[in-house]
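Take a look at the structures below.
Look at the two complexes coming up: subunit A is in both, with subunit B in one and subunit C in the other.
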Partner chain A sequence: MRTKHIGERVPRREGGLKVSGRARYVDDWTLTGALYGVTVRSPVARGIIRQIGYPAGTPWEQFTIVTAADIPGSNSVANLEKDQPFLAVDRVQHAEQAILLLAHPNKSLLEKARRAVSLDIEHLPAVLSLESSLAQEQVVWGHNNVFKELKIEKGNVDGVLNNAPVIVEGEYWTGAQEQLYLETNGMIAVANPKEGVTVWGSMQCPYFVHKALMELFSLPMEKVRVVQMETGGAFGGKEDYPSVLAGHAALLAWKSGKPVKMVYDRGEDMAATTKRHPSRTQHRTVVDRNGKLLAMDIDFAIDGGGHMTLSPIVLSRGSIHAAGPYYCPNIRIHGRAVATNTPPHGAFRGFGAPQSLFALERHMDKVARTVGLSPVEFRRRNFIRQGESTATGQRIRESIQMEKLLHRALKETNYEKKVRLFAKQNLKAKVKKGMGVSCFFHGAGFTGSGEKRLASVVAVEATEQGKLRVLASITELGQGAVTIFTQIAADALGISGQDIEVAQADTAFVPDSGPTVASRTCMIVGKILESACIELKQTLIQNGLLKERYTSNAFRAACKKYVKQHGQLKSFAQYQQPSHIQWDDEKHEGDAYGTMAWAIYIAEVSVDLSTYEIRVDDFLALQEIGKVMNPLLAEGQIIGGVVQGIGYTLHENVIWNKGRMVNNRITDYIIPTSMDVPPVRVIFEENPYEFGPSGAKGIGELPLDGVAPAIVNAIESATGAAINRIPVTPEVLLEAMENTNE
Partner chain B sequence: MHAFLPDFEVYTPRSLREALALLNQNNHKPLAGGTDLMVLLAAGNLPAGSYLNVNGLEELGGMEVGKDKVRLGALTTYTEIRRQAILCKEFPNLVAAARQTGALAIQNRGTIGGNIANASPAADSPPALLTYDAEIKLISEKGTRVVPYKDFHLGYKKTLLGTNELIHSVYVPRRFRNWHHYYRKVGARKSQAISKVIIAACALMNKDRIQDIRLSAGSVAPYTLRCFQTEEILRGEKKSQAAIQKAKTMILSEISPINDIRSTAKYRRYVTTQLLEEFLLSLP
Partner chain C sequence: MSKNRRRIEIRFRVNRKLRRVCVHPLTRLLDILRLELGLTGTKEGCGEGECGACAVLMDGELVNSCLIPAVQLHGRSIETIEGLSKRGRLHPIQQSFIQRGGTQCGFCTSGMIMASVALLMGKKHPSSAQIGEHLAGNLCRCTGYSPIVDSVRKVGKK
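On to the complex of A and B.
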């Protein structure tokens, strides 16, 4: 296949509309006669709803009021477990839980009414931290607070631990992180018993919303339609939550008989919707005399919040990544996702891996120090190689080149020389400098047999104008899905990118291509798209409308002719699992991922001891991601992920009070500005994956995985402070330095 | 928007005279650039009531450079402050404060008078004004009065400003040309941050002795603090480790920082002393 588009720096197709302000988001649309909707939420983390009051002084008769009693179908959000109601019935399981909904044509009056509703909630003792949930200080979910527990075992860990002269132990913590997409969650709904339910909104996964609405209203598939509107960022934050908001807007529309628009303001979006799971990881490690890993015993726990939502899958990915890109004959990973009475935590770029990899890569530095090796040399001795197997027993089939990557990363950063120089300068300087390394991988696509179960479908059809239209439920979130699909389809068909259209993700027209998550859009769905294109081309050739070699013009003419003759030309393709993938869900054993992307990140930081301000002076992001489909977009993904990672490491601190986020304002929740980030140096190595389109692997989540440990390792090398939690604010570093100096 | 807009009234007078008359009749809260009030409004925390929009009142704007002092109209924006050559030259702390306040859009709208009247202990320009012996001219229907800025703040969000008064102008005397200036704001990031600690200072050196000194601190007390006692023990001192240690101990007794969502009392105490030391070491 000639590649005229793949591998090129093709700018984002929808980019012009976005930068010129012409793109229209949910909040830019008005529907005649529409009502606005708002949510009355619980200020209490856990309790029993005694009474809902509507005090005099508000013209309640003008309002549409929806409670759980108004729900026509099932009052539980379609997910792994049916434990999350759309609207609380008699109990509140987390702060900010939705209790009732109000709609009114006047936004201002609506806000006044929202504040006027009186809630009489009897407080129950709540569990507000991961520690207290693990300790079962209260049981607030199931019989032991545990949403999901899993074990990954390889070899005989206890055998090694019992005979080990030295066990290196460590405990590591990560905080919640807010996705902070630019566009807050928003949804417009039209719903009535006759026509069914239609919603238009900001989302990642139209078919998740579709399923949720079918169950909420007890409607058949064809009576529910979900349309993704222009979406201003998501990062996982619009994976499961839009099902809740779509349900709320549709319930108000159903009861009022009018279109309803609900758009969260920033404060509500930050306080009530999902964030990254806080975590705790404990490591116990044994190393032999030559600095080779002998046993890794890892306990990984995440705080899932009030309902299960996606926590078991986040736990699974986090656990599988917990042992990183190293070979160790004996590994045990014990994972638990537990309940607390905060809003449910959810998907966020990396999906559990940034948490467990922070712990691992901090711990690798600690083990290296204990055995007297440099962090770099210790890692080098333990990299996994082709033919060796991971924690889940996945044998590495491809020729991975971690040593080569490391060699290049060290050279690009002048690592060894700088380490020596800083050690010397730091003796006197008030501003201390340090270097930190992290090595990691990220598996793309759903874990194990997940993709097989999804059995995603993509369609392509010829239009009357002779263009090629891509039909997929994959959503453009700002990551470049539309552009990548255009490149793949154009090259598969050998035509111009101008002749490719990518349809809006509307469940009335597009098949279920699975959710837009898990770095799967290009590698998994892109491959299905490629097959669908080839099939369509074959149809034209077999019908004698196209020769083996043809021009864009000839292709257009052939399409037009076929459509005229037959009415339509449409080709479907479905995911085909590569035969080498074997996975056991029960045991968490086998090929967790078709392939992984591999990376080495190096941070150079300086710490001002008069303020403990930490500055990342240089950042090298070196990764092997198969074929680089579009260097412009790929660099953007990496730079964006690194910046988000810098925020996660140094700034982003969700402050909780009784289960509620109290700094739910951009003023108080600090993310880095352009002044706070260094130039991010992005380098790609290519090692094509045979089952990805043109050899591509997943890339979207990778960069967030390795930023935090690289920076914190650098902080330790600068200051000697053995920090074991993020975010590392100056206040945290001050405390840590005092402990170090004692 | 977590606010019921019909509960808010905004009066826009055509002249200062009309503004003062309105203020005398009724308890209006002044609204200038709105950069503090709009944040409260969006969060649903702005008290409902009537507001007096003083934007555009010519008498409250403008800047005059006199022989002995510079007058800044209360409506002078941060951007205007940044662009004044004379301020850059003679009052660099004020320019540094303006440059580090919010984003450019905030600097275009936010005013020096608003920053003073809002009386946030974390405000960026008050520490700078305190180092320059600023005076504030207040105006009401009954007349005007000029008060030293060091006496203006009385407690948390409590000031000398009467309910019928507006801040008219800020005066800074032109006697700091030969002083050494220092302004450092420590926030949660490099820009667009609210301060955790600010130290503003200037000193006049006589050979190796500190002949005179002004020292102020933000975000470490219920209001912006002029550190008189620390100034006092440094006045006449030579720059020495002993003097620095004494000053650091003294400033800790003057400030009263708290734990809040932005930082901790402990961190604020530490940074206050560190910045003070950095300033003193920077003196020639």
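On to the complex of A and C.
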């Protein structure tokens, strides 16, 4: 296939709308006669609702009030488990849980009323940390607090551990992280028994919302319509939560008979919606005399919050990535996702992998030091190679070249020389400098048989003007889906990008192409799109409307003609699982992913020992992501992901009190600004993936995965502080320094 | 609504046009723009002066419109993102943002661009460090900033 668009720095297609303020986000849109809606939430982490009171002084009769009793269908959010109610009934399972909803045309009266509602909740003992949940200090979910437990096993770990002269142990912790997309969650709903339910909003997965609304209202498919508006960032934070908010807005609309708009303010969005799962990982590792890994015993635990939501799949991905890009004959990974009484944790770029990879890549440095090898040499000896198998027993089919990548990364950063130089300078300097490396992979698409189960569909249709319209439920979140789809379709058809339209993700018109998550948009859905385009082209050729070789003009003319003759020209394509993917869900065994993207990150930091200030001075991100579809957008994904990773490592500290986030303001929860970021140097290597469009792999999540360990490894190389947790606040650094000096 | 809600008349310019609104004296400029005048290009990211998504120019100075009450507006001249493109033609800074990946989700973009315009009014060729410093009050969660800094530094270049 000739490519004219793929591989080019094609500017973002909707860029013109965005830079001129014309892009329409949900809050930019108002329906006449609309009410505003707000949520009354539990201040208590766990308890029994004794009474809801409406004290005198508020004209309650002017308000639409919705409680669980008003729900026409099922009061549970469609997800893996039916344990999350839209509105609490009797019991509160986590802080900030929604108890009732209010709507009114006047925002400030509404806010007053929200505060006036009195909640009488009897406190029950709550579980507020991962440790106390694991220890079952209280059982707050099921019979043992465990949402999901899994085991990945390869070889005979105990056999090696029992006979090992030395076992290197380590324990690592990561904190919660708020997605902090700049646009808060928002939704507009119109709902009544006659026409059904329609919502417009900020979201990643229109068909998740669609399913949730069908069940909430007991409505058939065609009576529910979900439309994605321009979405101001998501990063996983708009994967499952929009189902809840859409439900709330629709319930208020249903009861009031009026359109309802709900847009969270920043404080509510930060406190009540999902964040990255906090985690604890324990490693026990055995290495042979040549510095080769013999056994890895990994225990990975994540805090899922009050309801199960997506925790089992976050756990699965985190566990599968826990042994990283290394070959080891004996691996055991024990994973648990457990309940606490904080708001449910959810998806955030990387989906469990940044947590387990932080632990792994910190631990690799520790093991290297223990066996007397440099971090670089130890990793080099253990990289997985073609033909070898991962923790899940996935045999690597492609010719990965981690050694080559590492070699290049070291050269680009002048690594060896700098390490020696800094070691010398650090003896005297107040500001210590250090270099840190991390190596990792990220599997694109749903895990194992997930894509087969999704069986995603994409359609393309010719318009009356002879253009081609892409119909997919994939959402543009800023990652560039619309542009990438344009490039894929234009090249598959050999026409100009100007002749491609990408339809708004509206369930009334687009088929279910699966959710916009898991780095699957380009690699998985893009491939389906390519097939749909080819099929449409074949139809035109078979009908004698198009020759084998043609121009954009000829294609347009052929489309117009076909549409005139037959009314419409539309072709569908569905996901075809490559035959090499074999997966056993029960045992967590087999080909976890069709392919992986591979990366080496190197961070250079300086640590001021008088202020405990840490600065990242330089950052190299080298990755192999298959064919780079659009270098401009790909670089944007990498740089953006790395900077979120810097925040995760150094700045972003969710402070909890009794199950509530108490620093839920941008002033108090610090994300990187333009002053905090180093130059991020991005280098791509390309090793095309046979089953991706033009050889592309997934890229969305990869860049966040390896940032934290690279930086913390660099901090340790600068200061000797054996830090085992992020975020590295000054207190964490100080404590680690003191432990080191002892 | 409550009867004692005081409203005042404000006359000011928005994107060079004379405007008159009747609002409560504490109504935020952000709400006047978005709700009274339908200029929804200016965004709300935090509502407390911390993110810069709502940044506009007031008499040529960069301000966060979520912090400006109506009482301060009389006789002022406001410029918003909508005023930047002339007769449908994008301003060079807007073009640069598109070309260099300065916008992803777009939610910070209006504020970022207004902040950049403010900088470029005072300084034709700022360095990357100066740009970084100047934009420190505008948060972006998507781009990692360097594509934005690049967009500003290379305005007007091919």
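A few notes on this one:
Definition applied: the second predicted complex is superposed on the first by the 742 of 742 C-alpha atoms of A that agree within 3 Å, B and C clash if a C-alpha of one lies under 4 Å from a C-alpha of the other, contacts with A are read in each partner's own complex, and residues count from 1 in each chain.
Note that in this section a contact is a pair of C-beta atoms (placed from the backbone, for glycine too) under 8 Å apart; a residue touches a chain by one contact, two chains touch by 3 or more.
None of the values given here were measured: they were computed from a predicted structure.
Looking at the shared chain after the overlay, A:112 reaches subunit B, while subunit C stays out of its contact range.
Judged by the touch definition given at the top, the superposed model places A:686 against neither subunit B nor subunit C.
In the superposed model, A:232 lies in contact with subunit C only, and not with subunit B. After overlaying the two complexes on the shared chain, residue contacts for A:729 are found with subunit B alone; subunit C is out of touch. When both complexes are overlaid on chain A, the residue A:643 reaches subunit C alone and has no touch with subunit B. Once the two complexes are overlaid on the shared chain, A:171 sits clear of subunit B and of subunit C alike.
In the superposed model, more residues of subunit A are touched by C than by the other of subunit B and subunit C.
By the touch criterion defined above, A:122 reaches neither subunit B nor subunit C. After overlaying the two complexes on the shared chain, residue contacts for A:377 are found with neither subunit B nor subunit C.
With both structures placed on the common chain, the touch criterion links A:613 to subunit B but leaves subunit C unconnected. Comparing which residues of subunit A touch subunit B with which touch subunit C, the overlap comprises 109, 265, 665, 667, 672-673, 675.
Taken together, the subunit B residues at the contact with subunit A in this complex read 1-7, 39, 42-44, 186, 188-194, 261-264, 266-267, 270-271, 274-275, 277-278. Those residues of subunit A whose C-beta lies close enough to touch subunit B in the complex are 107-109, 111-112, 265, 267, 610-613, 651, 655, 662-663, 665, 667-668, 670, 672-673, 675-676, 729-731, 734-735. Residue ranges on subunit A touching subunit C, taken from their complex, read 11-12, 14-25, 27-29, 106, 109, 179-184, 230-235, 265-266, 477-480, 632-633, 635-636, 639-644, 665-667, 671-675, 677, 679-680. Of all the residues in subunit C, the ones that touch subunit A in their complex are 1, 34, 39-48, 50-51, 53, 80-82, 84-85, 90, 94-95, 97-110, 113, 131-133, 135-149.
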